[in-house]
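Below are two complexes that have subunit A in common, paired first with subunit B and then with subunit C.
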Partner chain A sequence: MSAATQPVGRRVSPRAAGDFLKNNPIYVAIALLVIVTSVVEPKFLTLNNFDNIVRQFGVLIFAALGMTFVIMAGFLDLSIGGIISLVAVVTVTLIDPIGQGPAILVGLAVGLACGLLNSILIVASGALTQAESLFITFGMSLVYGAVALMYVQGVTQFLTYSESDISIFEALNSGQIGFLSVATVVFLVCLAILAVIEKRTYMGRSVVLTGGNKVAARLAGIPISRTIVMIYAISGLLSAIGAIVLISRVTLADPTMGTPYMTQAILAVVVGGTALIGGRGSVLWTVAGAFLLILLNNCLNLLGVSSYVQFMIWGVVLIAVIWLDAVKETRVSG
Partner chain B sequence: MNTRQLNLNSRIRSSSRTVLGLQKAFLAILLVVLAMAVFNLIPETRNNFFSEANFINILKSASIFLILAMGETVVLIAGGVDLSIGGMMAFSGVVVILLMNAGVPIPVAIALTLLMGVAVGAVNAFISVYQRAEPFIITLGMGIVLTGAAQQLTNARSVSSTLPDFQLIANTQILGWVPILVVVMLAVLAVTYWMLRSTSFGRNVYAVGGDYEVAKYSGINVRRTKAATYLICGLTAALGGVMLASQLNSASSIAGENTALYVVCAVVVGGTSVAGGVGGAIKSTIGLLLLGLLTNAFNQLRIDSLVSYLSTALLGIIIVSILWLDSYGRKRRREAV
Partner chain C sequence: MNRKLATVAALAAVAILVGACGGGASPSAGKPKLTFVAQIDNPSQGFSWKMYQKNAEKYGFEVSVCDNKNDVQQQTTCINDAVAAGAKAIAINPKDEMGYVPATKAAMEKGVVVCLSMVPPAADAIDGSTCSVSVDDILGGQTAAEAIMAFFPDGATGVEIGGQGGHVAANNRHEGFSKGIEGKNIEVLDYQNPTAWDTAEAQAIAEDMITKYGDQIQFVFCHWDNGATGVINALKAVNEPWAEDVLIIGVDGNKVGFQQVESWKNYISIAQNAETITSKVMEQSMLWIKKDPAAVKANIIPFDIINKETIGNFTAPEW
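After this line comes the complex of A and B, so read on.
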């Protein structure tokens, strides 16, 4: 609780700054990685590289942003892998028949619909625990993935084979607005909206309170069902945005392409410091978490570490972060 | 404290009413068998579902998962969860084959691999029980580490055993038709059943999962009991990996993909509660057989090329509906109180 309830940004005394760093080791880790990487590779600290990072990890950041609210409310969404796959194949196959703009809108609508379906199942069953939401969304991820496979009969769809205009996708991949890429702008807009929802609206407070103690939240009159619908809808919608950014970058849609993002999104959220049990977290922390993972990846690539070992290191980071958090909690609570 | 004690008692009592607990998954199995019987009456959809070969086939394909599911059941009953079993299965298969290819005798290689499984379980137990970290994420991370290690050891390729004897362990048939793999599975099932039902350790596992604090004040060494369940789960996952490697005579780092969630889902579909305190070896077997039967029935029907995707979708729908009914039942009970 300590980090979340601290008023941040009023007056920062050196002592408070020290406490802040002790409570948020992720910023120390990011600073260390930035220093190490920029010494090894001077090109690292350029705006160009920042754009690269956002493009490269676009789908991860979007999926993780959506997952943040779900985890903050004390639930989990394992279906985002299936949603990303489904949205990707639906969008790409619809470009030729109905044009790129409507195809993207339909893709977003599919993501939103999947999220809403998850939330309806969870609300209707009265599931209140993380485990219940975990299994229901895992089952739904099998369904979404299978629907994606059936829809394209297991065949990869190539964006570049389409006969229609695909300028929006090209713009998403390489276009610039001012000095930022289009993908970065989309990311910043999503982040800003989510941050405002989280910090400034009743729904944002409801998410945190629901995650803190569901029984107390219900007794205090927090609309838990509406909160659940909102968090899963946001998760589905952001996964869909991530899927569209992903297909613009890899220029194809594969019916199984979303699978790895489920674990990575959870990883980014919890590495950022959002508590898995709910009630504590922020989309801004998730950006830091995703950023740390990206930096780690860049750094390990520069050092020439094999991709398998990198995969192992992700697992170790995940364990270390949660372990440290548990040790800290134990010390605080005695 | 009094209500907690009552709560614990009622949970233990409900866990012994297996017939009621089995109903949903068991009825679903009966439905699948009935549907297949109907399909067999129609000439166009006649198939080999009810043949002895297919029966063995179902048992064989369920065996590996069932060995894994037994350890997972014990962990879930104690109120934990272990998602590292998929990575563990892939990693132990790779390790046992690499050890043998390096010249270690077969029994020693298998013993070392099982020991390694227990050791990984001990790490999971230390971090999630003694350090009180969230087991869901710790074991998920451990699964990633083990999968990565298996990839690094094999360069993400499949490795085969050079010893012809190794594959005999799982595939030799005794009494003319039962593969040893099935015998091992039945032995693991029997030991788990006996351990949960007839030993003080088994009772302690239910008590710890039912209510941790009450179990603690009743004098149970809660930490050690809970930690032991992770060791058991590591052991069964390693055994599953060894048996899979022996069955295929090869091992690969992608073997464990999705295995953990599939097994946990099967166990939960069978009626073991993820909240802890409720469950059993037979329940998990029923849940796993249901998912295995479904896959097999779909393969037998071979309606068209889409059938494998359709069976995945149906699997998801079955998992969702059974868990949905469980959650809904809990909601009704909550509101009744």
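After this line comes the complex of A and C, so read on.
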């Protein structure tokens, strides 16, 4: 984000603009996607489709926002798939016994608890490398997924079967506050809080320093263990919020429904420009990354690209992103 | 600290193992073993496993399950492990059309009966199983085509949302559907598969198709009832009269399929009865073990058509 540091009021030179685009190819990718798709499929640039893209933005963005801090600190969290599934089934099954508000609070508490448990395991086992955190959280994803399956015996739970009031879920799905959907407002509030934590707090700086060099951070007195607890707690909580937005949208809770988000969230963060090895990133960049992924999916569907070709394109995007990230890292460290 | 943690973890693992193995003789000791190999987190297969457990006593089996985790290698491991554990029969809902065949052939050479559960063998994999019990998914696709033609005798346009890309059932349902509408006045505007049997993905695909084709969509053939829930959500979000009239055809006949028949204006669920299928697998497996001449290699269980007229004739399953 080099252009963001330009002094206010100074004209941006073509060279600075070029540098900005070179360092942030995501904006070039978004612009290209928009141009190509709108030429081939005129219905792409319609209000209906914009509304459509915003609706699809929901779950992925929450999971990806939580993942951003984890990756910035040089870790990974593969447990979010299991957490989303577990929170979803717990929340839906509790609506009738305790009411929708308490059910949502329990769901959020479950997500937070899962995140805290992840962090405790990582800290207690001394797993301070990205690979170690990857395996621990992957293991925990299997555990949370299995608990979700056992909890509902593999049976999908439907929001529409609830005999109690589900107005909060309906509002999250289709309610409006002014011209914004309720889910968008929730997203903006979360984004604002995370951006403040990232930019304005000691904890936010600790995340970046921990990701940059854990040994140096420890020597500098950065509370690494506390940082780990915080990033996984945030990831768990945001996964839980994502799960609640997801069940509001699809009106059901499937004990495996979180699985796709495990990799998509990481992809959104890295596509946005956060360094996979940690030390550099921003929740704002992640918003752009998630937007690009949703846009790509939407464009491919509108262009009628075969599902099998779409799988390949996702694979190519993943490889390209990791490659570009590696090139960028070499440039930064070189 | 780490050593303490490792000790606690090891003790917990031992306790879990001991608990899982259990002690003493089980009530089903002495009965032939049947191992069910499937992706257990797929709701239909999770329910099938419950049905195997429910009716095992009736058909004289001790049943166990191995989750293929949607992975061909794991599927092979499950088959090999079942043989090593002394299973007399393996009931398998394969992840793919051919990948299971080398392992099941090896099992059959050792005298194990292999019966496909819910899917028929692919043309090139006939010798990869002893028997099969299935609805015919190709027939299921054709049934969907016939239902659409009956609903729109003057022709119609619509879309197809397939099951998990590459899945046997999804391929067969698409093949049957394509054959069923061939040369007829039914036009499929678009066909997409999600990466998994995932409602959120089906909903996103439906939303994109609605954006592109709008009221040209008169029908949606979605390969599974839970996916059709996403289609209904997408159509409701349009909030226009044409969307309420769209005919939706789902497959499975599960609990939500029944509910959607009742709640959506035009909904048809093409139902496969998991209890009938799993019972038939156990019945046939036992006949093959006993080398009974009544054993049949290919057993087809007909689909049930659940719509507003017929729904009263069926009991909604619990899954």
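The rule we apply is simple: the second predicted complex is superposed on the first by the 298 of 334 C-alpha atoms of A that agree within 3 Å, B and C clash if a C-alpha of one lies under 4 Å from a C-alpha of the other, contacts with A are read in each partner's own complex, and residues count from 1 in each chain.
The rule is simple: contacts are C-beta pairs under 8 Å (C-beta built on N, C-alpha and C of every residue); 3 or more make two chains touch, one makes a residue touch a chain.
Predicted, not measured: the structure shown is a model, and the values here were computed from it.
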Query raised in the report: Looking at the overlay on subunit A, is there a clash between subunit B and subunit C, or do the two fit?
Result: clash
Query raised in the report: For A:Ala326, is the partner it touches subunit B (first), subunit C (second), both, or none of the two (neither)?
Result: first
Query raised in the report: Between subunit B (first) and subunit C (second), which, if any, makes contact with A:Gln153: first, second, both or neither?
Result: both
**Report entry** subunit B versus subunit C as contact partner of A:Phe135, first or second or both or neither
**Finding:** first
Query - subunit B versus subunit C as contact partner of A:Gln176, first or second or both or neither - result: neither
**Report entry** subunit B versus subunit C as contact partner of A:Ala127, first or second or both or neither
**Finding:** first
Query raised in the report: Given the touch rule stated above, what does A:Thr46 touch, subunit B (first), subunit C (second), both, or neither?
Result: second
Report task. With the two complexes superposed on chain A, say which partner A:Ile266 touches: subunit B (first), subunit C (second), both, or neither. Result -> first
Query raised in the report: After lining up the shared chain so the two structures overlap, which partner does A:Thr201 touch, if you call subunit B first and subunit C second: first, second, both or neither?
Result: neither
Requested in this report: Scan A:Ser167 for contacts with subunit B and subunit C and give back first, second, both or neither.
Outcome: neither
Query raised in the report: Taking the options 96-104, 132-140, 150-158 or 258-266, which segment of subunit C carries the C-alpha atoms that clash with subunit B in the overlay?
Result: 96-104
**Report entry** Those residues of subunit A which subunit B touches in one complex and subunit C touches in the other
**Finding:** 124-126, 145, 149, 153-154, 308, 311
Report summary line: Interface with subunit B, subunit A side, in the complex: residues 78, 121, 124-127, 129-132, 134-136, 138-143, 145-147, 149-150, 153-154, 263, 266, 270, 276-277, 306, 308-319, 322-323, 325-327, 329-330
Requested in this report: Write out the stretch or stretches of subunit B touching subunit A in their complex.
Outcome: 81, 127, 131-134, 136-138, 140-149, 151-152, 155-156, 261, 264-265, 268, 274-275, 305-306, 309-310, 312-313, 315-320, 323-328, 330-332, 334
Requested in this report: Sort out for me which residues of subunit C touch subunit A in the complex.
Outcome: 1-2, 5, 40-41, 43, 46-47, 49-50, 162, 165-166, 190, 192-196, 198-201, 203-205, 207-212, 226, 229-230, 233, 237, 255-256, 259, 263, 318-319
Query - Residue ranges of subunit A touching subunit C (in the complex, touch as defined) - result: 41, 43, 46, 48-49, 52, 55-56, 59, 124-126, 145, 149, 153-156, 158, 160-161, 174, 246, 249-252, 254-257, 259-260, 297-298, 301-302, 304, 307-308, 311
